[in-house]
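In the two complexes that follow, chain A is the common piece, with chain B as its partner first and chain C second.
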Partner chain A sequence: MKKIEAIIQPFKLEEVKEALKAIGIDGMTVTEVRGHGRQKGHKEVYRGQEYMVDLLPKVKLELVVPSSRLEEVIKTLTAAARTGKIGDGKLFLYDVAEAVRIRNDDRGEAAL
Partner chain B sequence: MTVEKPLSNPLAGGAQAAGDTQARFLRTGDAEQVLEQRSRWVDSVVTAAYEAHLAPVFSTGMAVLAVGGYGRRELFPHSDIDVLLLVAPGDPTGVAKEALSRFLQSIWDSELRLSHSVRTVKECCELHEQNVELNISLLDQRFLTGDEALHRELLARTPKFLGANRLQLARHLCKLTRQRHAKFHDTIHHLEPNIKEAPGGLRDLQLLHWLRCLEMTSSSEDAQMEQPRRFLHSMRCYLHYRSGRDNNLLNFEAQEAITEQSFLPFEDPSHSMREYYRHARAVHRAALRDLESVESRHSSLLAGFRDWRTRLSNSDFTVSRERLLFKSPQLLAQDPKLCLRLAAFLGRHRVQLHADSERRIQEHLPQLREFFAGPEPLWPDLRQILDLPHASFALRALHDTGLLAAIIPSWAQIECYVVRDFHHRYTVDEHTLITIENLELLPASKDDPARGRFAHLLSEIESSALVKLALLYHDIGKGDESEDHSLASRRLAAAESEKLGISAQDRQTLEFLIENHLILSGAMTGRDLDDPDTATWLAHKITTLERLKLLTLMTYCDIGAVNPTALSPWRMEQLWRVYLITYRELTRELKDEMITPSDAAPELRRFLTGFPTRYLRIHSTQEIERHFLLDQGRAADGAVVDITRQNGVYQLTVLANDRHFLFASLAGAVASFGMNILKAEAFANTSGTVLDTFVFEDPQRTLDLNPQELDRMRHTIERVVLGRTDVKKLLGKRPRLMPPSKGGRITGRITFDNEVSTTATLVEVVAEDRPGLLYDLTAVFSEAGCNIEVVLVDTEAHRALDVFYVTQQGSKLPEPLLESLRAPLLAACNG
Partner chain C sequence: MLKKTCLFLAAASALLAQDAEKLAALESAVQAAQSSGDNAWMLTSSALVLMMTGPGLALFYSGLVRKKNVLGTMMQSFILMAVVTVLWALVGYSIAFGEATPYFGDLRFALMNGVGGEPNGDYAGTIPHQTFMVFQLMFAIITPALISGAFAERMKFSAMLLFCSLWLLIVYAPMAHMVWGKGGLFNAFSGGKLPCFDFAGGTVVHITSGVSALVCALYLGKRVGYPTETMKPHSLVLSFIGACLLWVGWFGFNAGSALGSGSLATSAFVATHFGAAAATVGWLVAECLRGGKPSVLGGITGAVAGLVAITPASGFVKPMPALVIGFAAGIVCYLMVAVVKHKFGYDDSLDAFGVHGAGGTLGALLTGVFATNAVNNALKDSAGNPAPLGLVDGNGGQILNQAIGSALAWGLAIVGTLVILKICDAVVGLRVAPEHEIQGLDLSQHGEEGYSLES
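Coming up: the complex of A and B.
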């Protein structure tokens, strides 16, 4: 099993969710986060006052998928989250040792 | 629905009896027989256990008492059992301890969840500061079995103990209740309420009972609580049977399941929930009244404050012990507007209504409804109420007494209306009232970095009444499930607002706000904010900076009322970003988007061509027509000066041929009369006609007290426009004002931007407002040979926020010129 952590643009969340749902991936955790990568921040001026906007609002998705479906999920996710511009975000992949469904003790991929 | 297996009972006949009781309950919904039957059965279990294990060891010196809910014989199918073992003083022997252990074990074996305490009479009559629940539970004590003499001793000592500690116990009770209410955000309107613990739940009924036991309140409302008590008992009983445990959460599934039961006469969960809120509201209000009555007894400082508040009384109302009473309630029949004056009083002073006042309103409700349905325009009164600092408090009182639905008929559609949504925590009416509370809480957040920005926006708007009315209406269409709720709400508002007597222009804004109340939150999560098209789309949809501010505030309040954590710093940041990109786009449009009319009459086309699109967006058709006619009546080289008074301020409109120094001269002329300019706008069309508008206030009331001054002012301005009077000479006579204190001073800031517009330089100025500021600033531009193309001036409290689009010989200002302008502009800002 693999865990995918995806940092994406907030406005892409619905599209990504729909695309994942279309390939049968329903379960995910979504968090509202702030941060920046190479995109860095920028300076904004409002009424003569300068604000440094260095941490931009983003959305973090976490999902665990069977290893066999990893490439398919990555492809779907990146296609749905991409605008081609700086700030589209990143995916991070991790190995998952075990998964347990609390309700009935299902284990492994059956718990996903 | 699935109902769990009936309560099992090791004692003969227990399971059968419990099963029968449950079946009977599901047929009739009568919880009282369940409570009675279970209490009787538990009594028999406890007594039998006593006889078997404790009686042989304790011939005297041990009594078993039922306390708490068990003492009151209010045992729901899965309620805990509270028992007090009253013992004689002295250390128990090993045999006694063993017997006690067997006694407890046997009760646990009967599948009863027992909580017990072992106390002497003396311990029972001590105040347990850290555990007042113990003292309180004794208010419901009931002797079960054992040493009756010992129990009589307790009964004999209890009155003295209560006499000495009554107030302290009541205070503790109130404190615990307030803490419990706070956990539920002090509202009954939860979509999935806990019917025991939430405000208006069974615990509140117990509070009323305990305060009566402590002789802190009278029992006058007992009869009124009977219906709510039976309803809540029935609900709780059902929840216990359904889940097979002590579960008191009336969640969505349970709401659906209970509505299917034959004992409830409702076909839809939303109807049964309305019934729940109706009862919970009655209980909650009774609890609040009793809480306040007890709390008012224990602080002399508070009491002093309350006495002081009695001075708030006026010819219509009197305030007694923090409660508002009608002086002549019979007047409600002849003078229904007394209700509106009452709301204004509440909105100004935040005083609770007395129960008697509520009763009087209820009695007159049919006549009041009839009056409010009549032709009388209510907006002037309603607007005044909405502008008050505690308007939401007044609205709550109107809502609680049924008056709000009388004034705004469609409000009835969302009263206690449940919309099943994962994020929403409250019913639609409660959500709506919280949105308005959020708006009123904003000014206090001025120093908070995230919320403060929205607080500043609020101080920039002229009146919050219209936003509050828009908030009142924004979800009112949710009661009509046949169409999109934003459209349904707009439709209902449109139908009612004309009758309220709202002006056509305000109605347009109101309808715009309601219909579009979701576009900013939609853009926050559904649009690429870095894409210029998003800003353009929003700007075209929103059309003016004024509307943008109102809509941003509305969105802020709306998100914050979804649930207590919905308005996260993340969302505030996103909302601010949306505001900012739209603000920029609308500011850019000021200069770059010109009107190019195609289907107007040639003369009108000539007049409109070249004005910024903002001109069309901020003026009604009638105003534009008036401007056009004024311009038509103007001599080729003449000027039109028009001054009108509206809503306590003056509006000056000038139409003239453009010339150098014109705008600065006008600003100077207005200032020379001691007037304070609040807003100003200057536009020019391609034919060289300028239209300048100024909104100013008259701080010395010169024009109010000397009507002939208005003519002199009009005449002077006309001479200034035509260049026949030198504005500098006029200003030489102007009185100098005292500078503001150092603490309140705002340092002037100047920003130049050559990127925003394709043809002009944007200059933004933020400065301490003062009479003559606009003249001093614009004179700097004019003296440097610059032309002011577009001006947008606004003031927020003492802060002037000015936007100028400036050119020199038709082009943007070169860098060296910008630098040379900075110092004199700053000097003008800082007076």
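Coming up: the complex of A and C.
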């Protein structure tokens, strides 16, 4: 099993969710986060006082998928989240040791 | 023949008596109608001015602070709606509008003694004395509330309450007496020695509060983390709603200061609106000329600056000068807030001085330029003709009188505020502990949060 942590533009969330649903990936956890990579922030001015805002609002998706489906999910996710401009975000992949469904103690891929 | 003449005369005098009776009845009916009309407008105005404090000013200010201080900032306005009312009823009104000296009044109206349904001819002959009293109360509420913009996010609730209570009695009430009270030093319409025109509170409300705000900001020092930490407004949406309520409420403030519903009220209403509009444009133009974007915060702050500056002039100037005063206020207040403040580095957190102190002083001086008896002919010369008012009437010396009145308001505000701050510092301590400041006033002072994520 692999865990995908995807940082994406907030306005792409709906598209990504729909695309994943279309290939049968239902489970995910979504968090509103702030951060930046190479994308620079912007300047805000309040009554002449300037503030640099470099942490920008993003959405973080976490989902765990069977290793066999990993490439397919990555392809779907990147295609749906891409605008081609700086600030589109990143994916980070992790190995997952185990998964447990709390309701009935299912283990491994059966728990996904 | 003689008999006939006598009969005729008797009949004629009876008819005349009847006519006189009718005439008197008609006259009193007209008076009652005028009185009702005036009273309706003055009660409406009183309510409008209260709306300026809550929710107007409370929203305007609380949107500008960080979200951990939103309730604390709202409370600083709201609590004054209660506490100032009590103080006003007990002694405040009497100190301001009693008679005794040119500087403060006596206690004749203390505990609302003699303040009833009968008009008080010294102030407003067509409305109940109580209406006049409650209208003035609304001014007394908003004035100390304006100061809270300078000590926002760092003053103890107890210290703020004590400060504002003392300030009302020591600074506000005497200043109101000098400008508006019977026999007041600056009251041109009641034998004042130094006639300083202030229609609705340029000196009484805005200079006193704005200058006191600067003193508070300097005395209390900067907020923890100012100016390196980000302290941007947490919700300009709240501030926007607040500013719009202030604009509307200001019609009660200025047009209500006509103390009646006649054409002078209309004239003040128009001048007020024109001033706000021109200042909005002025601020945004200044912002864009300095290379910035036309900001919403700039627009609404400009509107408030214009309303401040037109306040002393509103019942004395024609519509075109109102546009000039407003536009000037938009530019001057922008420079005070965006340039001067940063140069000197004081933390007037919500710009109470930059907007009210600077705008109020500018408005007071420009009143001396543009005041004209074509708008307000209440002041008569010895021959009973309307006296020339400002420079436009050929009375250039009035600008000096306005400057003297403003200087005295500055002086009273500086000295009074310093003394009161010393007292409050000694009695309860002014600032919250640094850890409480970091935690925020909402939790540390009130035990609540404005925005709860758990519910």
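Please note the rule applied: the second predicted complex is superposed on the first by the 110 of 112 C-alpha atoms of A that agree within 3 Å, B and C clash if a C-alpha of one lies under 4 Å from a C-alpha of the other, contacts with A are read in each partner's own complex, and residues count from 1 in each chain.
Please note the rule applied: a contact is a pair of C-beta atoms (placed from the backbone, for glycine too) under 8 Å apart; a residue touches a chain by one contact, two chains touch by 3 or more.
Source: prediction; values computed, not measured.
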### Query
When both complexes are superposed, which of chain B and chain C contacts more residues belonging to chain A?
B
### Message
Looking at A:V45, would you say it contacts chain B, chain C, both, or neither? Reply first, second, both or neither.
### Response
both
## Note on the structure
Both partners, chain B and chain C, contact chain A at residues 44-49
### Task
Could you please specify the touching residues of chain A with respect to chain C in the complex?
44-49, 51
## Note on the structure
Residue positions on chain C within touch of chain A in the complex are 227, 230, 232-233, 290, 292-293, 295, 297-298, 301, 334, 337-339, 341-342, 351
### Summary
chain B partner, complex, touching residues on chain A are 9-11, 13-14, 32-34, 44-49, 57, 83, 85, 87
### Message
Please output the residues of chain B touching chain A within their complex, sorted ascending.
### Response
524-530, 568, 570-571, 573-574, 577, 580, 583, 749-751, 753, 764-766, 801
